[in-house]
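Okay, so chain A shows up in both of these, paired with chain B first and chain C after.
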Partner chain A sequence: MDLRDKLVSSFLAFESNVDINAPIHEIRSEAIRNFERKGFPNKKEEAWKYTSLNNLQKVDFSIFPKESNPLEYKEVKRYFLHEIDTYKIVFIDGVYSSYLSETTHDGVDVCLMSSALTKPMYRQVIELYFNKIASREESLTTLNTAFSKEGAYIYIPKSKAPRKPIQILHLATGNEAALMLQPRNLIVVEENAEVQIIERHQSLTSNEVFTNAVTEIFAARDARVDYYKVQNDNASATLIDNTYIDQKGNSNVSVHTFSFGGKLTRNNLNFYQKGEHIDSTLKGVTILGEKQHVDHHTLVHHAEPNCESHQDYKGIFGEKSTGVFNGKIIVDQIAQKTNAFQQNNNVLISDQATVNTKPQLEIFADDVKCSHGCTIGQLDEEAMFYLQTRGIPKKEAAALLMYAFANNVLESVRIPELKARVNKLIANKLGVNLGFEL
Partner chain B sequence: MHSAPVGVVRVFHFNNKSIMAYTEEELKKELETKEYEYGFYTDIEADTLPKGLNEDIVIAISKKKNEPEWMTEWRLEAFRGWKAMEEPEWANVTYQKPNFQDISYYSAPNKKPKYDSLDEVDPELLDTFKKLGISIDEQKKLAGVAVDIVMDSVSVATTFKKTLAEKGIIFCSISEAIQDHPELVKKYIGTVVPPKDNFYAALNSAVFSDGSFCYIPKGVRCPMELSTYFRINQAGTGQFERTLVIADEGSYVSYLEGCTAPMRDENQLHAAVVELIALDDAEIKYSTVQNWYPGDKNGSGGVFNFVTKRGLCEKNAKISWTQVETGSAITWKYPSCVLKGDNSIGEFYSIAVTNNYQQADTGTKMIHLGKNTKSTIISKGISAGKSQNSYRGLVQVNSRARNARNFSQCDSLLMGNQCGAHTFPYIEAKNKSAQIEHEATTSKIGEDQIFYCNQRGIDTEKAIALIVNGFSKEVLNKLPMEFAVEAQKLLEISLEGSVG
Partner chain C sequence: MLEIKDLHANVEDKKILKGVNLTVNPGEVHAIMGPNGSGKSTLAAVIAGKEEFEVKKGSVSLEGEDLEELAPEERAHRGIFMSFQYPVEIPGVTVTNFLKTAINESRKAKGLEDMPANQMLKLIREKSEMLEIDRKFLSRSLNEGFSGGEKKRNEIFQLAMMEPKLAILDETDSGLDIDALRIVANGVNKLRNKDNAIVVITHYQRLLEYIVPDFVHVLFDGKIVKSGSKELALELEEKGYDWIKQEELV
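== the complex of A and B ==
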């Protein structure tokens, strides 16, 4: 049985574990019908031209996580940003770990999707926001919607801000078999409220782990959202991350994606601007080696006048890795005075590495400034020579240049400890110790 | 630089005012009322096959053209491939799909003896040429251009053959080439655009009625710009030309292609195939000005233009495509270069103008296979009215293409807020020494630019004309002189008036 059929038939088993009379179950049933009709995307679809899910579908994934083996904090401490105090929502094999987590209801809600979906006190928020911005067509998103049950639920009321950043950590032990996880996150930031979130998926096993995550973020007027995705998974992990962001007037949302690992990572990042004077920022650093594959698929939809968007993705590709960037900007006819910028720079450091990039503009308004730039190149030989004449070994010189290359993106990271952590990850990935941090 | 003979070959009867003499009001008015000037229909008795497409029709076309058996087989093979294909839908255009069984696939002017002098030519046909401004008479000699006119698919007149023949250059219709130079045709046809390359190329391979053939021998520099002229004439016939240009080692040719089609209410299908082959050290410069009927201002009628153009560069060879696209209701066209040989160069310069309800999805493909290959892409899209203008391009660097270099620039200019500009650049690099740059901008005419001109005493209308002209200059400069003048005039009409 292929994965699609298996998923569709497991839906019946899934139904026996959830309240099928809840209004949300209607959404799930519709979603599974959509997925059944569409199945997994294939390479013939424009959006999946450069990323194949064929091999993934041959794996016999266990779809329902067993009650997980508890993990000791010290075993997984290194996956946390432990240098600062944070709220934590931690899942082990898709199951909430209260032992490792630190949630709150003090003025803001930092808790679980499972309780938000079942408890009456959250009903209003769920009705207003759940599955309202996530695609009802895209097959992997509908697949997640069908099985949505657990994940992070964050609600920041008007003019509030949590005392500290929030970490969402998904750990996979997958001791018994290949594992499929489908976390579903909902983040609602009300008017003039603020939040900082760091998200990470980490597999602790050499068994295959396939995560198909959906995150919905709603930023009301004047809200500020800072979202960081750290992707440094092991070679048997596949992540399909679907993020949908709904922005109202004057809001400011930025998403930084750091992709250093995983077998196959696909980031579908979608911004929908629904107000004036909105600012959207999408930035990413990708450094790959081995046979890793990362596909960034971004969409910024400018639907109102006077908004801005800034995209900056840097990639360094070594060994047999593949990098894909597909950025799309749509400017509606009404969205005059839009400023939309998109930049994608890539460095290839191996002859077996591949970069496929497609920066795409679709513009229907005339009074706009839109630009995209895209480069593929190598490290500057003269700069390398300059550094080497000053006694810096070749490897370190190359690393220095790559640091400088990626630094634009790191500059806008607003949590210093996170910036330091990412720097370490980069140094690690490049195999050097520069003795300083940028 | 090519040695462009001075003189305007074809004079289009546009308003002869210079750009700077226009005021915006006048332009706008003129554009709105302007109907397609070439919308006449030549009443020549034509020899037309019944509508529909099947193997018998393909065989009939081949028979009518008295083709050898290998050619008939080749067509049939393409037809069988076509039957199994589906019409592509990926392009960013919407239209009523043509009914391929409702088209007559062959239409040739009926009286076709070989003429020795112009007097023998059907006067009506001559009149057509006069209306178009192409005279096959002495003007040609002065202008120094030999024109192989394809009117409804059959080449009726070829001039300057003798001058060319002295140099060993073969320039004739492809049907003649199939008769007279079968070895060359057999060797090269379908090598760059295989018969089953895509839906429209397969269709063309099966039913192509005529087209041009050109062979430049080793080391010969073609002394004049070669030119063909396509028109779609007979109602309900699709035009399926096939062009094959071969530049042998060390040779050079500059080839011009110009197109107009008379006004017709039903949409006319045009599916051409152009193959260029530049052998070692050869250079081909291929320029197109396309001014087919774009439909009226309500979007009815107009030509469907689905063209496959591709060139193959061997060692040190160079192919340069320059196009000015102002016509057609639908344009689907991607002149490409396969840079197979080391040190070969591909260039693509394009201006695509869309107005009213026109839709253009055009761009290029640069396939880098050899070492030290270079490509340049300059694409300027101008959309006005309710039109949609897309750039779609592919730059592919294969793993063996060391030191490949590409520079792409796509600029779009939007006039009015009902039109759309789109860019779909695909960039695929598999070699670490590749250097690829891609830039794209979309803008309207900047207020600061106009302010700057105003400051210097140039009024706003003139400033706009100046800026738009400057926007296209990079590409216009690449056209041979004769075409540049013509193209500039076309732009003047097609776009300047829409500035609002």
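== the complex of A and C ==
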């Protein structure tokens, strides 16, 4: 049985564990029908031309985790940003770990999707926001919607901000030979409220893990959201990240994606601007080696006048790694005075690495500033020579140039400890210790 | 200290150096002058170890050691420093961090520990004051958005920090106004001692009024065609390079 059939038939078993009379179950049922009709995307579709899920579908994934598997904090401490105090929502093999987590209801809700979907006190928020911005067409998103049950639920009321950043950590123990996870997150940030979130998926063994995640983020007027995705999973992990962001007037949302690990990672990052004077920031650093593959598909839809979007993705590709960047910007006719910037720069440090980069601009307004640029190059030989003449060996010189290349993406990280951590991950990935942080 | 013997070098199959001979002893300052395209910058880059420049014949040695097999960083570790005509901009790396990395990598190559931070800061302060470099300058990205003069001053600042045995100044005067030229030249003069040597590569005589050479060589069509004392530079300034060209033809 292939994975699609297995998933579709598993839906019946799933239904026996959830309240099928809840209004949200209508949404799940519609979603599974859509997925059954469409199946997994294939390479004939333009959006999946360079990323194949064929091998993945041959794996016999467990769809439901058997039981929660306890982990000691010291075993997984290094996957947390432990240098600072944070709220934590931690899942082990898809099951919430209260032991490793620190949630709150103190003025803000930092808790679980399973609670939000079942408890009456959250019903209004769920009715207003759940599955309201996530695609009802895209097959992987609908697959997640069909099985949506657990994940992070974050609600920040008007003019509030949590006392500290929030970490969402998904751990996979490898107790299953192959495990599929489908976390579903909902983040609602009301007017003039603020939140910082760090998200990480981490597999602890070389057993196969396939995560198909959906995150919906709603930023109301004047809200500010900073979302950081740390993707440094091990070589048997596949991640498909579908993030949908709904922004109202004057809101400011940034998403930084640091992709250093995993076997196959697909980031579908979608921004929908629904007000004036909105600021959207999409940044990424990708450093790959071996046969790793990362595909960034971004969409920014400018639907109102006077808004901005800033995209800056940097990629460094070694060995036989492959990278994809596809950046779509839509500017509606009404969206005059839009400023939309997009930059994707790549460095190939191996003859066998590949990058496919494509800007896709659909501009229907005439008074806009849109710029885009894609580059694929090697390290500047003259710069290498310059550094070497200063006594810096070739390997360190190359790393220094790559550091410098990736640097401006890190500049906008607003949590210094996270910035330092990412710096270390970069140095580690490049195999050097430069003795300073940018 | 530096011994260049019958050096022939190509750039992409084009013969640039066609038999250069030069001996530089400790404590000496040599000026290499010549018209554009005569091979001055190629000579500097070959000494510094640029890989794209292919040595066809002859040798370059420092203190008796043949440099041919050495990478640019290994030459730097042995005490060669080249000040670039066009210093490279490296956004994201501050002048200070760059210097720390350069100095500590050189120390590492010599089996030394990293320089203690306070000592490093003291050295940076001392040398930046000598070259009248603003403190703010140190936290800027290396050469990024620097004016031509700032770039050159930064090169000499690096020279002062690294204290090489042999400094090659490639067209250091270009892009400098007279005040900056004086500061840079003063800096270089303060670094002169009986144990190090300087090779000044320049198109014009101007810089040599401040950094006074012991010897002047004229490079023309890949060869040193004339050598003399500092007066030769004045003569060149007066008569122009056509004079050399005509002499060559004769």
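Side notes on the structure shown:
Everything below uses one rule, namely that the second predicted complex is superposed on the first by the 438 of 438 C-alpha atoms of A that agree within 3 Å, B and C clash if a C-alpha of one lies under 4 Å from a C-alpha of the other, contacts with A are read in each partner's own complex, and residues count from 1 in each chain.
FYI, contacts are C-beta pairs under 8 Å (C-beta built on N, C-alpha and C of every residue); 3 or more make two chains touch, one makes a residue touch a chain.
The model shown is predicted, which means the values in this text are computed figures rather than measured ones.
When the two complexes are overlaid on their common chain A, residue A:336 makes contact with chain B while staying clear of chain C.
With both structures placed on the common chain, the touch criterion links A:351 to chain B but leaves chain C unconnected.
When both complexes are overlaid on chain A, the residue A:367 reaches chain B alone and has no touch with chain C. Once the two complexes are laid over each other on the shared chain, residue contacts for A:390 go to chain C alone; chain B is not touched. Once the two complexes are laid over each other on the shared chain, residue contacts for A:46 go to chain B alone; chain C is not touched. Residue contacts after overlaying the shared chain place A:378 against chain B, while chain C stays out of touching range. Residue by residue along chain A, chain B and chain C are tallied for touches, and B comes out ahead. Within the complex formed with chain B, the chain A residues making contact are 46, 333, 336, 346, 348-378. Of all residues in chain A, those touching chain C in their complex are 380-383, 385-394, 396-397, 400-401, 403-408, 434-436, 438. Per the touch definition, chain C reaches chain A in the complex via residues 45, 48-52, 71-73, 75-77, 80-82, 84, 87-88, 90-93, 97-98, 100-106, 109, 114, 141, 158, 162. Those residues of chain B that touch chain A in the complex are listed here as 90, 397, 399, 412, 414-444.
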